[in-house]
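In what comes next, chain A is part of two complexes: it sits with chain B in the first one and with chain C in the second one.
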Partner chain A sequence: MSQTIALPKKANRLRTASLNNKLVNDYWTEVFEAPKVGRKVCWYEGVAINPLMQAADVAWVHGEAWSALLAARNNEEPAQQASENRGYLKDLCSYARTHIGCGVMAQNKGEASGASFSDALGANALADNVPAPDMFISAYPYCSTGQQWDEMLYRLFKKKVPIFNISVPWVWGNKPDSVYLGGSEFREAVEYMKRQLRECVKFIEAQTGKPYDWDKLHEIMHYTKQAGQLRMEAMEMCATKPAPASFFDWTTSLAPVNFVPGGPAIVDYFEKVKLEIAERIANGEGTVPKERYRLFWDGIMNWNKIGWLANKFASYDAAMVAGRYTHMGFWHEHECIDANDPLEGMAINYLVCPINLSAPLMIEQIIKLCKFYEIDGVVLHAARTCRAFSNPQYMIAEAVARRLNLPVAMIEGDMVDESFYKDEVVSSRIEAMLEAIESRKRAGIAA
Partner chain B sequence: MNSKEIFAELEYAAEHPLESSKAWKEAHGTPVVGSFPMHFPGEMAHAAGALPVILQENHDPITVGHGMIFPFYCGYTRSVVDQACKGDYDFLDAIMFGDHCVQVLGAADVVRSRLPNTRVHFYQLISSMSDPWSLGRARETFLNLKEGLEEMIGHPIEDEAIRDSIRLFNKNRKMLRQLYEMRRAGKVRLTAKQMQLAVKSSMVMDKAKHNETLEALIAALEAESSTAQKGVRVYLSGHFCQAPKVELLDMIEDCGAVVVDDDLYHGQRFIATDVREDGDPLDALAEWYLARNLKVPCPTRVDQNADWENYLIDAMDRSNADGMIVLMAKFCEPHMFYYPEIKEAFERRGVPHLLIETEHELTALEGLKTRVETFLEVTKRQTRARSAAA
Partner chain C sequence: MKAYVMGIDFGSTTAKTVILDRKGKMVAWSVGQKGSVSDAGVRESMANAFEKAGITQADIARTVSTGYGRRMIDVADQSYTEITCHARGAVHMCPEARLVIDIGGQDSKVIAVDANGLVSQFAMNDRCAAGTGKFLETLARAVEVPIEEMGPLALTANEALKISSMCATFAETEVIGLLAEGKQKPEVLGAVHASIAQRTIGLVARVGKRSPVIMTGGVAKNAAAVHHIAKALEVELIIPDFPQIAGALGAALFALDEVTGQVDAPKTDEDDLVDEEAMSNSRGCATKPCQNSPKEQPLLGPF
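Our next item is the complex of A and B:
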């Protein structure tokens, strides 16, 4: 059920976000056309390995991105119902349930309808019209569920669609030299990832029957690196008060650094975003009409609720300035990428994505962000079916409270299963946190 | 000692693993290495001169642990976090683990934060079993584990020491399998609880001591007269990291089931596969790691060469079981993922099965009892109908 309660204030969302919608729609339109023009389709999960496929002219469906899109466009229910009917329980990862549900629908239907993306969207029938896979690639960091989800898709398609597994090591740190981006274990993990990425390229070559176009990959990664850099620079500009853009804007802007094809369009997008932010800074324009609180979002996004949450926090005069999900992943370590020899930089970015760091390393990065953005409080979104994101949250809450004296609000929700979100509970937790921030301000305690 | 007295001894170790391993440490001066389920090679820690103990879900209510882990996690991880927060693991010299179940990883991070002076080491086992590099990667991981243990004890671990441990562990598995064979053949009357105690105690006791106890148990059982139990022959499947509550097992049998076999982690899954005793021990352990999954497929691994649903159907045939009860620990994601495959395969074959979701907090058994009774009645009728048609 969608929320119908009117919120008193609206977030001042970035105008450039509408360009993102076009990029996303164009991309999915191409995916839906792929089988008709003889392009193979790969279903994959986990880190952004799409450049590997783009260089081989393979179309890609990122399971999480697809499930998020279904939720954002209110198309998720048929897929979730199909997976439930097959016996998948509600406590399973809702991304997986939604994506597997599409697989169940494809199996039930027998063949693709050939409907275009816009027709399927218009008919509220995206889920059962996504092109079926010609191959699977699993590249899930940290979360064992990701690999099992792909395995279940592989079995659902009767083991007839080839699968490739990239095993991503968790950055845990047994040895004392383990630091963020460094230490002997991390170096070994990078080398292991590179070996697997090379094997993955061979797998893709075997599926397409064509030699791999490494030059194309270098070109794609050139644009990806630029986009990654521009995005980080634009986000860092939001240290300004009032913050010109919010975590919700950055969430909306993930597509170009997650699954939209690497090319001039994604660079152009972030150039425009950066420009808009610069304009806002010059005009003193904030992401919320009146910025009284600066907050940090820990956890994955609730895709059913982006607009709702953006307005909700705006109505509390709270700017959600940064977040783990947006600021600690998606080519954020762009400096590590050498476009002419990209596998190492890709491996590094995959390994330090927002869930693949053990708690001590992750907490240090969060503390840095909270200091940099002068955060007043932390909202921890415990996604009910995403243990990967929820795992360290009590430790994060403990650390920011002890080390930065920041109040926190722990709220429950989910990525794409709306039923886990309870607005009244969320409101009371946030209000309690804002009250704690107020009392600190009154007492003159610098947060 | 008669079998009852021996089971009482095993029960103490199985139900009080931390107390018994602490007492062992005090008496023998050996370090204690805790591990998380399900694929950690205890042989390696044993070869390092340590007592390997697989950390268990305990029966205590979860209290302080709730402050560090969400309630939508499996009972095992919540219990482990609770035990760590209560200081129960303080006597351990190290915790080492290799399985990367996302919930266990979450628990491990909390455990490490609560044990700042203890080595909490992770040696990530490749969970994709049928890649060309799976075997090599598993060996690399075991080599890292060996180096971590050597660092802990301050000297190298000889290959022969690992082989000695492998022989000891193989002997243990062999005797436990013998108990299963005796039960399957109807030679002894062993309850599901007793089978669990035999296996679970093996996870926490010194292996040589456990072997001695098992030898005595087998001798006692052979000497005691026993008649085959009558009832609906049931196969128990599922429940990975944590042992099913014995009250639940007792209830199933009280309803008229005779548990004839299982693939439980605290059962066949733990003991089914031996390690090669010759050659390079790290090679042997890596081969064992991959072979285990073919012997008893596990949904926590991805393996193109293993099909758990087919394994279960064959295993039921081999043990002449009439129906299967699936015990699923609530929030266990690998099990939730795989269950529809099993459900469909069993429905296609017309094999009756019942899914029971379990929780750390023992749920009301009365409601479950009605479901089990109905299931057994349906199974009985189907078995009769099949016999009549044959």
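Our next item is the complex of A and C:
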């Protein structure tokens, strides 16, 4: 059985994370400055369509990234409160609630389209400078709230800000020839996405009044592909025991493949990350001081709790080696990207993001990851306000239990609303799962 | 040599203590009820158990705690979660059981155990108290029926009504609405217990239905709850004589393992072997009545 923890143990987080902070800070600084240097600003949610904007020299504000940043810096509550005061229920996606709350606060300050968020969030220096949108692009897979979120913002800004919608079809995977990344249904979806991406480019051209710079997009996607490949290689190196980095490290490393500009800096970042992983493997250095359990995280991240959760699992001697959120999205299918003809690879990566696969396809990918990383148990984080991520979790739990004989623990939390999180309830479930793993190990029952 | 081990289940509503001797014979048990996660409840429970056993703390070789307040017990040498301890205690009471349904004061859990008696899967209620003892307590107040009388009264219902199984607060509103419509208390209480059953079968579905099924926790003493859950699952439930002490018994058995050195497999030293006959005396399965259980102890509240 697991032993009572006498002293708290800390996670051994990647040192390269500090470089990531610089990339993120530089990115937001550019966003803040955008209106001053005559750049248009696009608000968008969902998949990483930012290369489309970057090639047109349009600044971009990703709703989830912005909400996550506020949460990570404990600045989310005023925006969430403003949203609730406007009538948006607490059960609504907390990303959306936070982002819409920012819009509400801006409106309350009498600052409509084209203005800035100056003073909208009081003395919060970061939030003060985020510019309001000149355009919206909605490209949300699977999640209905995500699509309505853009519509709400559009109405909040009095329908004066132009909006373009990319409809991302769900990958059912139930046709006779369906396979992951293949089959007639998938090919049709890819072509449909490519047509919409071309239309989106025309929309961006109309907003900027300039011809689209396709060469620039090719260059951006060249770097994006490289970064995606390096990230996947670094993560795969964590099949080593002890795992040199954790799901929590990969979560904090999402920004460079999600919204930071595609360029040499993101490639450099993941080269350094990979190097650090290699050094750790050479030194036998693990992400937790004493790896005893290897776990898989299903579900979205709790941005208020990254460090806390990393340390919590370290205290249990549990390495959270991989996860659906980090390992099944964010340019993970980098091999599909042809930098000279990037729309196809972009369409494919948008389609196979972690929430847009039907359960059978998704489960197969999760099972592959659990086998590859030699997982002992699965933690399913049921985000209270993200049904898109939570919907298939019972099926995932049942599948890994039945097919891999792995214990699972379902915990409740949220992306950026800390009030949905109850430590003792979470601890009991995790500890019970670890106790079950321990009992099996001692009884010689392999997973 | 210290001759006894102790298990304490510091639950959300009650505290339970079980004392075993080194042969695994249960020499005393007690339930303390002093309010939510109450220190006083633990002290009362331990004091009563010591008094019944005729021993003191100095006679205890090892203590294992479980339950919500497991980390708050100073005398505990080790703590395990309620999932692990309830499974251990329940399977000890009825070794053939493959599914444990435990409904306590603040949470309900369904635990699948494999042929080795180990936890294979489990599911617990979310943060809402719907489907737990607290749910019954709240609705007993709404219907103005003493909690001990809820079950028997519910079993006399002639009409099947429905209330929400999702939220305790909504359910209370619905109960008041049904009473306002002129529905009778037995029918309303029947709906309350059916609601608990609906919530429970949702948890069973998550771990996979299997049998035999043993039900533990204070709510297992409520005949209407047992009736509705058995009906919903279409399976007979095994109810031990003292269902609310399963967690404390499991904790005491882990303490015994650690004292005798039998964490997983029996040692060969005969002196350390647990007396199987004595061990059976701590089993309280209804199909195998506990020969040593203190029958004179009053049954306290349902959880």
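The rule is simple: the second predicted complex is superposed on the first by the 421 of 447 C-alpha atoms of A that agree within 3 Å, B and C clash if a C-alpha of one lies under 4 Å from a C-alpha of the other, contacts with A are read in each partner's own complex, and residues count from 1 in each chain.
Definition applied: contacts are C-beta pairs under 8 Å (C-beta built on N, C-alpha and C of every residue); 3 or more make two chains touch, one makes a residue touch a chain.
What you see is a predicted model, and the numbers here were worked out from it, not measured in a lab.
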One more residue to check, A:Arg155. First (chain B), second (chain C), both or neither?
first
Chain B versus chain C as contact partner of A:Ser439, first or second or both or neither
second
Contact-wise, after the overlay, does A:Asp91 reach chain B, chain C, both or neither (first, second, both, neither)?
first
In the overlay, answer first, second, both or neither for which of chain B and chain C A:Tyr180 touches.
neither
Which superposed partner A:Val425 touches (first chain B, second chain C, both, neither):
second
Examine A:Phe372 and indicate which partner it touches, taking first as chain B and second as chain C; both and neither are also allowed.
neither
Quick one: is A:Pro407 in contact with chain B, with chain C, with both, or with neither? Answer first, second, both or neither.
second
Which chain makes contact with more of the residues of chain A, chain B or else chain C?
B
Both chain B and chain C touch chain A; at which residues?
394
Per the contact definition, I'd like the list of chain A residues that touch chain C in the complex.
1-4, 394, 397-398, 401, 405, 407-408, 410, 412, 422, 424-425, 428-429, 431-432, 435-436, 439-440, 442-443, 445
Hey, which residues of chain C end up touching chain A in the complex?
68, 78-84, 114, 116, 118-124, 126-127, 206, 208, 254, 263-264
Contact set on chain B toward chain A in their complex:
67-70, 72-73, 100-103, 105-106, 109-110, 112-113, 119, 121-124, 126-128, 131, 133, 137, 148, 299-300, 302, 304, 330-331, 333-334, 336-341, 343-344
Could you please specify the touching residues of chain A with respect to chain B in the complex?
86-89, 91-93, 96, 138, 142-145, 147-152, 154-155, 159, 163, 165, 167, 169-170, 172, 174, 192, 195, 199, 358-360, 382, 384-385, 387-388, 390-395
